[in-house]
Each structure stands twice: as structure tokens, then as C-alpha cells.
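In this document, chain identifiers A, B, C and D correspond to the written order of the chains, with residue numbering beginning at 1 in each.
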């Protein structure tokens, strides 16, 4: 595997918090990250390519093309809160080794920029979803877990697949604090409502006040991207195979 | 993965255009490349082997053998147009990482030879094909897209799988201009008619006048090679699995 | 693949014996290793991570997380016997190459610490199990095999899959003495009884007197971990595929 | 992938011919190589391990173990003919990349020892087999092919899978002469009769007079090894998947 990080700028940040926002169950992380990027007018400063991403191009409506990629943005918090590092992208890696390498490279870079705190977002697939959907969490350590519980989350029991789980685990190995916010979702479509509750928890935790009134726009755009990428179809198909084999291809 | 480029000659070329011509849907690129090589009396100057190609040998009619491989040819344009670099072969790589490495090595080499423009060809699988078949395109950037549209192509919507798509994406990352010409095809046999329309667009774009009267010969030979390679059968089988899993094995 | 060993301490050991205890058939090795760690109050001195482990996190009951990992412990034998190196973990590697790398790294480290003797444990899946279950063995060499036979074991006939087999083979290549103790088991649940007989043989061979009265506790804990990891379910599913495809995913 | 060659001796050989003898269709190559090793009292001088071999150990009847491995032997021809390098083993590599690496390492070593000629053996699976079975061949070049035809072989048409084919292809790239002898076989059991005809052709080509009266012994032993390795069962199962997916696992 070869994972290449192209960095356009090395931002100076104050104790930034890394927010993981790659496509996953219910696209909760992906919609949330896109919304944060817009609301914070976050700046794109790095692009990541991996030979463990799929070998294809995706067309844009105008006939342009885009490739499977990950990006890093930084955003200054509006309310005197902490700066954010936002990890956005249209894919996770296709192989386990590719996932480890991707995650390792992003954490390397985050640490270089002074980051000691990582939050991953995700959906928690359920057959039925409560109203409002319950937010679950799991953390790198029990002290951090207490803070997550204080947000009104419940203890997640089980496995957290893919980047959302791997990142918490690898962050812990680096003595970074980390937790995952996982919102109940049916999981097969971009779930705005689940994303809203992930962001409400995030707002609370970071003392931010991100406006959620335009969240539908981010969800709609995510849906559009995903349809072109064939991802939504994939989710439905993958679901049949059971969650353990869950792996993103774009 | 190990990808080895053996270069027999380092040609001096004037702003060459790289034409990708590996086997793919409808074998449009593969037939077109073979035809260009013959009509331009293009010279073979590099051979590429990868451990991501299949582990087998294919026999020739006389009992000789050939291996999965890629080749590079250069051709001087007949009509004062630009020189061509033609990327020909009997296989794509079997793995995603192998595809990235193969494509990266070819683009490295093309750039060393002064190439800043890449055109990939391919079929666009449809259940029904218009007469004449519609040519679609997607480009590295909107300026290039305008030129492709001016050829009478339509905007491609969706995913461009394999080398044809990956190459446009990776070219864009290197600030090379690139577009893909994708012709409607049923896709399960070497499609001469689709190839003809790809070459007509190419002729128009490059100001060339490649004679297409012998195109049937290139198609027949491609068919013969593919039958020995078991490729035609494979295409039909692969088709069932859906396009997303599409991956070439010789 | 990348396999990283983090070593917290370099213990001084007297001709230690390496005991392999990763999850496998019947979880015999895994329960036995956990029990040994507790009874010997063994000290954790190294942690091993591999990009061939699955990309996820597992939650603990309190909302903490743990990652797929391997660990090394050393234990001083109670009765003037040999020191033990205990190789414990919650996963084997997902790929063949990952298994070779993992096993090679552990044997490297064991040899650095003066180890020349390796014992692997495992279950031997049978449709029916005798009472008491028969212990089978296979060794790096016939001299070692005689010692294993003297413990009342029978000659194992067939294949020893995964780490239990690979380790004996790789140890032999390094001129280390090695044998495998494989106990009859139905194999689809953490088998305390099979583990008891593995440990009885081990006690006898090493001249130890490990108390087995608390073995149920280790088995119960192993079961708890495995349930969270989804491993027990996996075993049942994997079983259908036949033993040859047997491969651990956490 | 990591492929390790351990060389016990660097023999001085006169223009040796490399004979490939790994397990494959009908086990023709494997039986033939074992028979040659015995009849020529060939000397084992190198052992090859790869992380692309399966991760297991196989027990011997006495309780010893052996690992997936390849070996190289040299044999002095009885009748003033050329020396032989015999490539024997109980497995091919499990991955394409592993096959390329394995084959490349063996050819490197053969070339170091002055080898310029490579013969691969194999079965050619047919639904029905003539009596006597027809021998087919394919060669690196047409001059070599003429020599193979002169042995009474027919031109092989199609694909030669795995090491038997890959080796001819990679030998050709190194400007070594090479051909493959492929004998008709039903292919699902160790086929003594097919092997006899492979060796008759080999005798003729090399001007040797290898006694074939003990060939049954080599076949019986190969069968025994294969049964322990679970290979014979595997062949039958693999057959269902079609030849294209044919890949050896021990």
C-alpha cells in the first residue's frame, strides 16, 4: 500500500480536536463533517491518496472527474472554543492494511499539529430507531468516557467497525484521548436526523454552537455524491453480508 | 507489488499525447490502440511487467508463449499533429494497489518524455446502443471538458472503472490535462463499431486522419488474442457480478 | 503489512519456554494462556500491533475500547521450573503474510530473550469427544515428539492450521525445539475441559504445578471477551466453510 | 510478501537444466520431480520459504511436522548428459504476487548457477484422456518449440496456469530458453501414467535414460503427502470453481 499526503499549508492551531468524517453507516460522519466544513468555513490544507482506494474516477455533473480521496480541513471555532481538524473524504480504504496506514498517517499529521483529542462519528445500525435517536459512545479511557456519558450518551456495547473504531484504538495507543459518538440509524441512507444528534452532542462537548438549520443541504449533497459513487446501492448490498464484512468501496 | 519497466529506447518526442489502450469494456481501448500502433507504424520502446498481473502463460498458435504485459509505443503523427505515446497491453492489474502502481509508473515515464496530455478510451456499457453509438466524456478539468464536448460527446455521468478512470484521476493530481472517451457498447465482445467512433473523436481532437478502413483487422486480432486469454468468456461471467466488481484478469 | 512490537521491559529470563495462546479452535490456547498469566502473576512486557489485524475497536462493559492486539508476558515458574514467555492476544492475523510476520516477530523476540523451546496449544476439532478428551501432539523433531508422547499424547495426523501450526514450523526452521498440544474439542465454544487437559499435559512436561481450580474463571472471562468481539458467532459460521479456510478475524 | 532462500551449498554445475516440479494438475510435475530426485540421487542444496505459503504445519506419520516449502536439488545426469536443477516442493504460493516473487527468486538462483534452460511440467486437464495420453508443449520461442515438437508433442493451445506457465514466461523475459510439457490427465489424482509420458519426453529431450520402473513408488508417496496436506480433496473442490481460479493452497 502507498498512502500519499499532500499538504498545502501547515496551519498553526491551538490544541485542535480531530473530527473523523468519512463515509460509514448512515453517512452520519460524512454529512456532519461536510456541514462543519461549511459552517466553520474550514480551510482545506491537505489531500490524501492511497493505493488502497478504489481504482476509478467519478464524474461530476459538469463532466469533470474526481478521484477517491481524503482531505483535511481546519476550522476556527466560532465561540472561543477549540480549533477543529476535520477529516473528510469520499471513501475509506478497501483493505485492512490500507485502513491502518491511512489512519496512522492522519494521526501522525494531527499530532504534528498539536492535536491530542480525537472524536469519531458514526451510525449504529439498528432494526428500529427511537425518536429521538439514542447516541452511544465508547472512549479511549474511562475518564474520557465519563465526559461522553455526561453528554447523555449510552455506553456502546460491541464492535465499532472501520475507521470510526480503528481511529479510537490507534489514538489510544498514542496516548491521545478519543471517543466515538455513534447514533442509532437504519443505516442504509444518508441519515440527517442521526447526524443532527451527533452534532448536538458535539456542540455540547466542544462548547460550540454550530447552526444546524442548513444540515439538510449537507445531507442532500452527500446523498448526491454517494449516488454518483454508487455508494448508496453498495450499502444496501453490503448489509446482506452482515456487518462484520462491512468495508467501504468509495 | 513489484512493477518493472524495461525501456529499450528513450525517444525524443514533441509534446506527446498519451493514449491509454488496455483491455476493458467492449475492448474499445485495446482495439483502438492496436490500430493506432499499426497505422502509425508506432515503435515499441518499453515493456512493463507487474506481479499484480496473473500468474500464467498464454500460448500462441505456433506453440510460442506470451505473458501478461503492458507495452509503450511511440508514433509520429502523419499530419503534422502531435506525437503519440500509446499504452498497449493484454491486461490490467489484478489488484487495486497494482493498478495504482502500474498507472503511476506509466505516468512517470510519460512525464519524463514531456507528455502533459492524457486521453483514455473505453466502452460505456449500455443495455441498448444507439446507431451511431453515442460517445461520452469526462475530463480532468472543465476547460478540457469543453474541448471534449466540442467533439460531439456527451457528459458521462457515473463511475469510470479501472485504468480508464484511474488514469484521468491520477493525471489530474499531476496537473496533467486528461479526458476519457467512452463509447456506448453492449460490452461483452470486441466492439469494432464503438472503437470506430472513439477513433473518429480522437482523429478530430488531435487533427489526425487515421485511416479506419483496416479497423476490422485490429478487431479480429484483438478477438483472437482475447479468446486465447479466456478474456471474452471472463467478460460475460464478470458482467453478472455487476460493474462495481469489474476487474481484469488478463 | 506492518507489525509493530512495543517493548516495555527487557526481562532477564532463564531458558524460558514460549507458550502460544492466541484464539483458535475451542479457545483452548487462549483460556490456557489467560489462566497461566493469572496463576503465575505474569508480567506484561510487550504489545504487538499489526495492520493485518482487523480494523475496528471493541468496547468494554464500561465504555472503554480495546483494539485487536497481541501481548507478551513473562512468568516465573513456581516450583523451580523454567521461566515462561506467554504469548496472549485477542486475535490472529487476517492474512497469511500477516501470520508469518507476526509469528516471525514473536520468535525473534523470544530468541533474543534466550528462548529455545516453544509450545503451542490448540483444539483438535472432532464430531465427538472422548471423556476425558484425548490430547494429540506433533513436534518439530522426533526427539521432542518422544517427550510429547511420554505425556500420554497421541500422534496428531493431519494439518495444524493457523498460528499453532505455523509456529511449530517456523520454530523448527530456527532450530528451536517445539511441539503442539492439541486437545479434542467440539470447537465452537470456549472449552474449559479441553483446556484443563492441555494444562495438565503442560504441568507434567514443565514440572509445574499450576492450580487448575480457578480455570472456570479464565474460561468465563475468555467467553465474555469473545462474545463482545463477535468471535463465538464467527467460529460457528466459519465452521461451515470447512477447516481449511479457517482464519481468525478478531 | 517475503520469500527467503536458504542455500546450504553452491554447487558447480555444467550448463544445468532447471526442471520445475511443484504440485499442480494431476501432480505430474510433483511426481516427476520426486522420481528424478531419487533416481539421480539428487542433492538438496536450498530451501525456500514464503509468507505467501499457507500458515499451517503438516504432521508426518511419526508425529514430526513439516511446513509448506520449496526445495532445490541438483543431480548429475547418468549418461554424460546435462546436470539437472530440480525445483521441488509441497506448495505453490497462494497469491499472484507471491508466485512472481517465488519464481523470480528461483530463476535468479538458477541463472547464478549457469542455467540457461528451463523445463516446466504439468497436467493438461481433459474430460477424456487418450491411451497413451497426448503430451502437449509450449515454448519460450519457436526454435525451442521445434525441439519440443520433435519429441512428439502437440502444440498446446490456451492458458498455462500457475508456476508451470509463469516460469516459461518469466524465463523468456530473461532470454532463457524454456518449454512446458503438459500431459493429458483427468487431473484430480496423482496421475502416474501422465507422469510417465512427461518423463519419457524428458528422457528423450535430455538424452537421459531415467529408469521409470519405480515411478509408482514416487506416485504413491506423493499421494500420501498430498492426502496429509488435504490437497487431493482440494483439487476436487477447486475443480468446480473452474480452472481460471485454480490456485494452490499447499
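Please note the rule applied: a residue touches a chain if its C-beta (ideal position, glycine included) is under 8 Å from a C-beta of that chain, and two chains touch if they have at least 3 such contacts.
Keep in mind that what you see is a predicted model, and the values were worked out from it rather than measured.
S.K.: Residue numbers at the subunit A-subunit B interface: does the shared fraction exceed half, giving same, or fall under half, giving different?
M.R.: Under half of the interface numbering overlaps between copies: different.
S.K.: After a C-alpha superposition of subunit B on subunit D, what does the rotation angle come to, in degrees rounded to the nearest 5?
M.R.: 90
S.K.: If you average the CA atoms of subunit A and of subunit C, how far apart do the two points sit, in angstrom?
M.R.: 36
S.K.: Mind pulling the residue numbers of subunit A that touch at least two other chains?
M.R.: In subunit A, no residue touches at least two other chains, as defined above.
S.K.: Quick check of your reading of the touch definition: is the inter-chain graph here a line, ring, star, complete or other?
M.R.: Graph shape, chains as nodes and touching pairs as edges: a ring.
S.K.: Sort out which chains touch which and give me every pair.
M.R.: Every pair of chains in contact is listed here: A-B, A-C, B-D, C-D.
S.K.: For subunit C, which residues are in contact with subunit A within the complex?
M.R.: By the definition above, subunit C touches subunit A via 1-2, 49, 51-59, 61-68, 94-95, 228-230, 234, 249-250.
S.K.: Report the residues of subunit B in contact with subunit A in the complex, numbered from low to high.
M.R.: 96-97, 99-101, 103, 137-142, 145, 148-149, 155-163, 165-166, 168-170, 172-173, 180, 244
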